[in-house]
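Quick one: structure below, then a few questions.
For clarity, chains are labelled A, B, C and D in written order, and residue numbers in each chain start from 1.
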Amino acid sequence: MNEATIKTTIFQLLKRIAPENDPSTLMPDENIREALNIDSFDALQFIVAISEKLNVDIPEEDYGKTATLKSLMAYLQQKIKH
Amino acid sequence: MISFKMPSLGADMEDGTLVEWRKQPGDLLQRGDILADVDTQKGLIEIEFFGEGVLEKQLVEEGQKVPVGTVLALIRPVGAEAEQVVPPAAAPEPKKEAIPMEPILQEEKPASPPVATEKTKRIKISPLARKMAEMHQMDISQIKGTGPEGAIVKADIEKRLAEIVPEKEVVEKPREVLQQAPVQQAAIPESEAIRKAVAAAMSRSNQDIPHYYLEKRMDMSKALAWLKEANKERSVQQRLLPVALFIKAVAKALDDVPDLNAVWENGLQRKNEINIGFVVSLRTGGIMVPAILNADTLSMDAVMACLNDIIPRARAFKLRSSELSQSTFTITSIGEGGGDKVFGVIYPPQVGIVGFGEIRDEAVVHEGMIGIKPVVDVTLAADHRATDGLIGGKFLAALNKYLQNPASL
Amino acid sequence: MITITYREALKSAIRESLQKDERVFLMGEDVGHYGGAFAVSKGLLKEFGPERIMDVPLSESGFTGAGIGAALAGMRPIVEIMTVNFSLLAMDQIFNNAATLLHMSGGQLNVPVVIRMGCGIGRQLAAQHSHSWEPFYAHVPGIHVLSVGTHEDARGMLLSALQSPDPVIIFEYTSMLNLEGEIPEDAGAVDIRKAKVRREGKDLSLITYGTGVYKAMEAAEILARDGMDIEVVDLRVLRPLDEETFLASVAKTHRALIVEDAWKSVSISSEVSSRIMEKAFFELDLPVERLCGVEVSIPYPKHLEDASVPQVQDIVDRVRKILKP
Amino acid sequence: MKKTKTSKRISKEEGKRLLHQMQLIRRFEEKSAEVYTETKIRGFLHLYVGEEAVAVGVIQALMEEDYILSTYREHGHALARGMDPGAIMAEMYGKVEGCAMGRGGSMHLFDKNIHFFGGNAIVGGHLPMAVGMALASKKQGKKNVTCCFFGEGAAAEGEFHESMNLAALWGAPVLFLCENNLYAMGTALKYTHSEQQLEKKGPTYGIETATVNGMDLLEVMAAAQKAVDYIRKTGKPYFLVCYTYRFRAHSMFDAELYRDKAEVEEWKKQDPIPQFKKYLLEEQLITEKEIASLESAVEKEVAEAVDFAENGTWEPVEDLCRFVYSEKQEP
């Protein structure tokens, strides 16, 4: 799975949660939840969706690594490789 | 043998009186011969024969009035032998054949007059308001109308709904409108309707309910540690959020202090079930407050499952009205980045609302030492008509007890 | 956008039609040498000649029937009946011939005639020259009945009507002839099947046509200052009535006020109200109300004439009464 | 039948054809009356018996591209124009196979293909249309004539006068063909017209006018030919008044209180069909045997028309609202 596909998937899922925002305007280092106004419940839903869609396990202690687009991408790419 | 009948000379001719026979039995008849004179509404008309033959027998006497279609005479076609004449039965033939182009629209039989069943005084209510009331199973006799002639209108239903439970009407109405309207069209945006409903309920709450407020900072270190452990065992789909803990803890605390699990309607009325209304804020603005029924009896996982079910549905406006109408107490949780404390406004006719601020690390004094601990500021807003600060304090103490002992939940 | 009077818009449509299609010709009383009773066709005789701008004698039944006959035989006549008041003399032709021939002939004969009529109230012309006969015409299947309530429609309705294979009656409002309005530079044919929401709102639907449209728009402006959000529906097509548009509006606002100059009894508003009852009853939060012509022959004195048909202030007052009793 | 100066010599073939047409109209109408009394035909039924020479005589002078508009007593015109008797009978039965799909009935026969534009049942209502159709021909540079049949009753309508004026004013090629059968429904000419010589009305509009004995086929033919020739040559309208008589009642339900039987009998002596037969026999243009075979052929044709109608189909009620507006948008 390449970077572009992962990114597209992330954007699709973010769009579902925060339909009024355009995730493609996110800066790489921006905090996703702050930028898109996502609460803890939706954040969990997002993690659930990501893990289901990309078939990766994201333990609770790794939630911190999913905060920005850049870190999330890196985290997922590394996860998928393994 | 040819049956010569009383002819139909128009749809408005029903019968005719045979005034005079112009031909007698045995007479040879030719096409166009006048057989008889018949009196009609329009006057005397000569009745013509369109065939050829011999008049065998006259069946109707002069002066007799007969319907159209009645056989007047029998005529033997040219060439046929004379035969014994058997006159047809006296009854005239049917007036006319069934013609398919006869009335397409059949006259409806008058319906029997409606039987008066309602003995009670008729309640005037607009069709829209009636539809809304039926949808929400509301008793319209309890609603005061403010429309023309005291009729109940949409605004009255909305006001009443806000009294029972906020936003109730917005849940199903937009879909109803789409289904019933003759064409697809934009209904009132849900968010706008919700805004109105929230406004109505909150205004009324602030006007009618004398609130008192209590606040208590609670240590979350044990609760979070417990959650962390619990989530390790759980798949990502089943993980718990702190709010599930709060809900469960509040439900248990209400069980301990039942005066807050109540409504104020002509006095305090305790509720048997503990149904926690949970404030879900909508991205487009406004809030929805679906209920988690019998939260005190649910496991933590069940509470979380319930949240996973109702929050997305609330945000998609797909709640059932029953889910909005049954809560007995309300929780609002401001979540991360929202604020340290939140002071709720009570949803009438409930008598209390508890607010959880953001969980954050604070310096706290513990056994004479200053340490950093995760804490949450919890507030209670309660109806002073129903309870006093003493009851409120008991509730917060009970809540804290449960949060410090999460395993007991 | 360009600014144009209602009269100029009508005229430009006639001119364009004559230019585009050689089957088109204009016939009517005083359309040629006089320049049109209301100067709508002024100058066209010089431009197109007497074959295409035909002055006709005062014989409404005769020349309207001739227009119908010419349409039957392949022409695209625009028949101008100077005012709707005289159209009563041509009703036999319109109702018994134009409206029935297609049906009576089992679909064989088309009558693509366009009949324009000046109409409306408000110029102190008294009882015989102030009729609102839209309801008469709208009663009859087989004809299209259009009401020109805006500049956009003054420009576009005729062009569309000439494309119709069936007879079209167009009501033009003489009191609006000098009104200026804005239309796009490339304004042309318009949809003559649908009503149009001229202003969006959510508190009440003002349903109207003809001169009622600008009056309703003005009223809505005034009411907006008081926080009342009024939707204005221009019916435009009085036959076949486009009910979808106004039913959708009522489903949105839950309240309706129908405004027209015609007498209230057996009118367009009767029909619209009835359709709302039949098809949007459960959307109603208040009874449908109507503001129509007072049931009297239209009098000559200005103050009485004004009082006999709905004015902007009447609409404003009625809406206030409905929304803020 | 007298041979007049204007009547031309006709051929055997033409003689037979004309007799056949008149005989067909006569028998078709009698049959219609018969099936009417059996309720197969309903509504109003106006029969043309007695007036056959007018329809046949006038229409034989017209060309294919000419337009014809007629009244509610139009079966004769439709048959003379060549409309299929079966399609007419089926129309009167109200069947889909009718010339107007059964939507019109007896009073509204239409066939665009033979330029037969009704079947118009409002007295005088079709005259302005006829003027308009002729006006269109003029504008289009066509040379065709619009022939408009109407009764003397229509001449009292305003639309008659408006149409005469407009046609003269515009120079529209219309043949105003008045069938003066002396009764507007049940009211005699003398009670309806201040000037009973209707032919005097034409010249006041500057319209070329003539009268003719409508019971005499050859005279009608000659007069009609003269009229049509004039119109084609000048492009102007023409007013031809045919004096004729209907032998049967106005419509089926009519006690004929308004006229004497003796008067009817008197007119029957001028019955155009026996007159024309006599003429053909005298001129040796036909034999008795040929007449008999012609009559039996007509008999068969009429019977076939009835069969055709009987076997026709009813339009499904679901189609009720067809033809209110065009199904295709472009005409």
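A few points about this structure:
The rule is simple: a residue touches a chain if its C-beta (ideal position, glycine included) is under 8 Å from a C-beta of that chain, and two chains touch if they have at least 3 such contacts.
The structure displayed is predicted, hence computed values, not measured ones.
By count of C-beta pairs in contact, B-C exceeds the other of the chain pairs B-C and A-B. The centroid of the Cα atoms in chain A and the matching centroid in chain D are 88 Å apart. If you average the CA atoms of chain A and of chain B, the two centres end up 40 Å from each other. Separation between the centroids of chain A and chain C, computed from CA atoms only, is 59 Å. Pairs of chains that satisfy the touch definition comprise A-B, B-C, B-D, C-D. Those residues of chain B that touch chain C in the shared complex are 126-131, 147-148, 153-154, 177, 180-183, 185-188.
Residue ranges of chain D in contact with chain C, taken from their complex: 67, 98-104, 108, 110-112, 117-120, 122, 125-137, 139-140, 158-159, 162-163, 165-166, 169, 322-331. Chain B meets chain D in the complex at residues 7-13, 31-32, 40, 42-45, 48, 50, 96-97, 99-101, 104. Per the touch definition, chain C reaches chain D in the complex via residues 25, 51, 56-57, 59, 61-75, 77, 92-93, 96-97, 101-110, 112, 141-142, 144, 163-166, 240.
Contact residues on chain B toward chain A in their complex (touch as defined above): 228, 231-232, 236-237, 239, 241-243, 281, 283-284, 307-308, 311-312, 335-337.
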